[in-house]
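What follows is a pair of complexes built around chain A, which joins chain B in one and chain C in the other.
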Partner chain A sequence: MTDSAPRAQSSRLAYVWPLRLRLADSMAGRVAAAAALSVVASALLVALSGHNPFAAFAAMLKGALGSPHQVGFALNRATPYLLAGSGVALCFRAGVINIGAEGQIALGGVGAAALALHFPASLSVLAAVAALAGGALFGALWAALATAIHLGRRVHEVLTTLLLNFVALLLVQQTLAGPLGQFGAGFLQSPELPRAAWLWKVPEFGAHAGFPIALVAAATLSLTVWRTPFGFSLRVAGSSRRAAAYAGFSAPAITWSVMLIAGALAGLAGAVEVLGVQHRLIEGFSLGFGFKAVTVALLGALEPLAVVPAALFVGMLEAGAQSMQRQIGVPSALVIVIEGITMLFVLAATVRRA
Partner chain B sequence: MPAFLEMRGIVRRFGGVTANDGVDLDLNEGEILGLLGENGSGKSTLMKVLFGMIAPDAGRIVFRGRPLSGHRPSDAMAAGIAMIHQHFMLIEAMSVVENVMLGWPAAGRILKRAEMAQRVREASHRFGLDLDPDAMVADLPLGRRQRVEILKAVLREAHLLILDEPTSNLAPSEVADLLTILRRLRSEGKGIVFITHKLPEVLEVCDRVVVLRAARVSGGAPIGEVTKAQLAEMMVGRDVTVPHAERSPTKGLVRLRVDRLEGPGLGPLSFEVRGGEILGVAGVDGNGQIELAETLAGLRRPRAGAVTLDGHDITHAAVGARTKAGVAYMPADRSSTALVRSLSIAENLMLRDSHEPPCAQGMFLSVGELQDKARRLMKEYDIRGQGPKTPAARLSGGNQQKIVVARELDRRPAVLIAHQAAWGLDPGATRFVLERVLALREDGAAILYFSSELEEVLEVADRVAVMANRGFAGVTMREGADIGQIGLWMSGRAG
Partner chain C sequence: MIDFLAAAIRIATPLLLAALGGILSERAGVFAVGLEGMMLMGAFASIVGAWAAHSALAGVLLALVGGATIGVVVAIVTVRFRADNMVTGLTANILAAGLTSYLLRALAGGGRPLAIHLTPLPPWPIPKLDQIPVVGPLLFSLPPLTYLAIVGCVGLEAFLLRTRAGLTLRATGENPEAVFASGAEPMRVRVLAVVACGAVAGLGGAVLSLQQVGTFTDGMTGGRGYLALASLIVARWNPIGAALACLAFGAAEAFELRLQGFGVPVSSYIVQMAPYVVALAVLAGLGRSSRMPASIGQPLQWD
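This part shows the complex of A and B:
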């Protein structure tokens, strides 16, 4: 009714899938402003800690993009965020607030390690695939537990998913203290996994095969959301539960579907971390991954394809921050603060208003 | 003596749309002014400008000799203007006197509850409001709640009361009481602006009427110098009476049979609707209408009883199965049930059959088909939007409802359940909806038409049922219906 010309144009553009990233006209400008603000804020903090902010940022940039190895490192960091984050985005789109990626990732790691350690050597060609599938299965099962309590007992999904995270982390400890643990390591970890289960790596870069897997997953999810009847039903359910009931969609079926998909993807995230980076299950290997996945999903405006740049951004930010800590000696607590500030600024600039 | 209220040359634009384009309005003390106009004609905008909810782009307002400009609602209230919204601003879990004290400095920092209760009693007596200060608002019928709002206004010494569509939720007897109260307020010298699109009430209670059309004043006259037809024409600029004279008599077989249907807040209740028949369901909201409509649509489960459609039992069928069996449903709640505002016109048009061909082809949605279907329906049902991809939220209320009409009726349903199908629509859109419903009747569908507006039910229905206390208080043929009897049924008294 009250359309002005530029809005009409952007809405037409926004419908050309897969360009439908809900990028407002001034998005680039707002991201640039957010980046500038976070650089200024971070520089102030670095200067206050007695270090040279220019040197710090140079180290950060080098850490993220400075060498093939650094790029590979950033990609590997981004991979679990992308896998788990696109699953979280799917859930949020359907109006299911799944905060359980943290636990689902941890259990995925357990699943991958268990399969890799116990896989028959005669079938070792399939070891990596089986271990990945095991991770996805464990993640999905953990999500299924939260969903069953949510739907069966009418406990809010935020509670069931969130609280099961803590249980999952303790479960990882338990398995490492028992069946999967390496005796006498002095540290809660499993023995090194057989090499057959390791993910293939790009020589020189060190980037493992998890990232392409995550890209395919994100693209498939995006296609599902925008181009399938199931995707339509979850978008309707996410906008209005009443409209979904009126359309004849089953709310429990939608909740089950998105939770199982998201759980499997989070489990896969844990699996690629274990199989591609750590090569063993270590206590706390995925600490904070699940919560960062939520940030990444929101940063990507709940659109699985837009979660790709969001995850890359966070991955590079972390890679850069680590090298800043190593090379300049900026304290690690301050590095975490800088990461947080930057994400907050970018989120404030990009998340669309409800 | 300065004028009581003088609004001159009010202009207000929203983006490219002009809502008020140089509107003048005058009001005297002790006068009831009817403000008429279609939806979108600018009457709400004008009153929001007066009450300080939005700022005008141009124009000036003088109230009791003092200019009002750049004011906010709190300033308007302090100056003696009160606005009574269509949806009451009351806290249901509080008593009448507590609602009166809410946000009112005169109630004291430490609430003077007893004193306030006494003032509520006095004012209630003086204006014939019949309100008990200790009654809980949640227990009051809508008519009484409205009086609480009026009470708040008079206790705060409002000189001017703006009533926005005050009769839309009231039973006929409550409307009569409201009009009596308004006359009493007038005799005390209050000025009243009565916003409505119901002409009979305007003719009954107003002293003068001003009509807005397309953001401008299209006419105005003292009551007594103007007829209903003239007012209607000032509102829309064309004749909008619905043709209902020559309709064929109902000859069809029973298509929808409801047998001792019972559920939470509903029934037990039995009735039948034949093909080519419209059963109008009148009654005050909250008497089981939503329960009946949603149970028939499959959104609520009945506790007992049976529903059959063309002889097939659909009592426990899921929504999707009902849709396939030929049940169409236009819910009263358009903003979050009948439509998803963030989705496009095309997506809203496929809301009820998105998993069936032609919408779905194999695993995927058939985007091309959907666009074509949407374009066809937009043309056929006169849905005015830029294109199939325009979000529903950007359409006017009338065009949003046309999406629902197009989606539900294009399937050529066997049964239509229409709930408040024309509620809040302007006369043009109302006529469109009623015409389509009547056309469906001619095609032989059985139609259940719920509306809290008795006049609308009488216009469209073949038979009229009145809901009260979770069931039908009475059913009568439209021809020769006794309005007095219907009123008694509506008020819940057995007749």
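This part shows the complex of A and C:
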């Protein structure tokens, strides 16, 4: 994929400093301003519904960080968004608008559950690893289907990925009604997965091993974007297709690579949710995850490592929203509004490079 | 057979209204990915409006306002701030999903959604014409918003092809510099087109909630905005063509309901995939031959 990029650059891999933030000061300031504005806007919404916004936010904060268990819950919520969001951010960076994470995550869950359920008991040491790999594979295959239609028939990638999301969700239901389903369960779910395939958890916190995996993935992608010839080629392609063609970078090759990476990461996100949280495949286990990944990726397209704070923000919002609804009676759907408003402000504040 | 066609028309109506809105927006040069959110907001506003004011007309008017609100948001972010059309549209859909769900609960004052149940809008038979066999029950005994969709479809075709304003709108999607040179303001055209798109798509949402079900549930549009988007692309941005494409989707879904009714041993999940798979197949079949408005998705330059 990266043959056409200058080879000399690869030697610089030795001097890597992945944590260096490349956000221009003004850009970071704009994002902060966007976040602050969205907090003000959502406070207004809470006030309009007749509740005290300060009490609501306090309840939210306490719900997200109040106890080790709740911190673990927030981290577990953030994990799939971080994984899938990193991949989507890579696509955005390359100018590929992939919004198929929703379907890729769902199929990743199917892959993980299928492998976990059918893995030979004698090799149970490898069960979790095999199930994670199965999830990544299924996610990548689903992304490959969207990419093949997009590139082969010149259908816009937004349409192929979007329409395949609906098909993927139905496909999950179909597998649960058929081969993977548990009969007599009352609704669509698989039997419980064998314990060997469950992800390891931090005692007391309940945070599973998915979060460190996601951190490694985000750091690796940051490195790839800034420090490799492939990363350079995709940044060029994202800024200007023409410049990329002039430099000899193959646009289809770049699209294929970012889509497959993003699909695998989204599949991994689904696998992590199934193996770490649910311990079985349940209908709708990942509903809305793909769109959260897009939220997170909006920031990640500016700087790959920015997906980490963004995913943590969304994870904590959701963990906190539950207790806010219980304690104060503010509907937890407020979280989706906050996410939407934040995204819009971020979109408006970070005018794209022309 | 008449039942089948009637079902196809019923399913196609909300899609068609949304697609007509989308044509306005995309012909002016802004991708209409936000149709789903506009429909959802319209569906919500129409039910709440009709319930609060005890008037279906108030519901219809509020559907226009609700959809247009999302249109305003999309217009500001894409046209004024030149953000990516696709991602902005998707964001608007998320915002609408959250806002309708939040407001439905906030209106009830707690965690439970407000339960509103209204009688769906009855058909308005046109005297004499509704007595014609076959055509009468199919075309002249429809609920009010369906007539509006048919009239709107023909009206939009005439507006785009036969009026000066329609020409300016189409030119803005093709070559905004030429529009600017001719003395019009491309930015204003795009903003108006996107807001109008929101209002019309909001009406599509009202068809679902106010006309067909009589209640609002979270996410009740269920991807119809995206199907409308696919159908307007299949129809190459033509209103009449969009009507045919929506009818085809409607027929596919009506056929699916039929199959389930007859107890054909096909999994309902597989059958439900039909509209999306058909949409993808048609888009893939069209492939290179579909020509988009030339400057669609391109931000306007100014200063």
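FYI, the second predicted complex is superposed on the first by the 270 of 354 C-alpha atoms of A that agree within 3 Å, B and C clash if a C-alpha of one lies under 4 Å from a C-alpha of the other, contacts with A are read in each partner's own complex, and residues count from 1 in each chain.
Quick note on the criterion: a contact is a pair of C-beta atoms (placed from the backbone, for glycine too) under 8 Å apart; a residue touches a chain by one contact, two chains touch by 3 or more.
Keep in mind that this is a model prediction, so the values were computed, not measured.
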First (chain B), second (chain C), both or neither touched by A:G248: first
Touched partner set for A:V31, first chain B, second chain C, both or neither: neither
Greater residue coverage of chain A in the superposed arrangement, chain B or chain C: C
Chain B versus chain C as contact partner of A:R227, first or second or both or neither: first
Touched partner set for A:A55, first chain B, second chain C, both or neither: neither
Partner chain(s) touched by A:V158 [first = chain B, second = chain C, both, neither]: second
Partner chain(s) touched by A:I341 [first = chain B, second = chain C, both, neither]: second
Which superposed partner A:V236 touches (first chain B, second chain C, both, neither): first
Residues on chain A lying within both footprints (that of chain B and that of chain C): none
Residues on chain C engaged by chain A in the complex (per definition of touch): 31, 33, 73, 76-77, 80-84, 86-88, 90-92, 94-99, 101-102, 105-106, 109-111, 223, 226, 229-230, 233, 267, 269-270, 272-273, 276-277, 279-280, 283-285, 287-288, 299, 301
Touch list for chain A against partner chain C, complex: 45, 48-50, 92, 97, 99, 149, 152-155, 158-160, 162-164, 166-167, 170-171, 173-174, 177-178, 291, 294-295, 298, 325, 329-341, 343-344, 347-352, 354
Interface residues, chain A side, partner chain B - complex: 1-4, 8, 11-12, 15, 227-229, 231-233, 235-236, 239-240, 242-243, 245-248
Chain A contact footprint on chain B (complex, rising order): 14-17, 297-299, 318-320, 323, 329, 331, 333, 336-343, 347, 350-352, 354-355, 359-360, 363-365, 367, 386, 389-391, 394-396
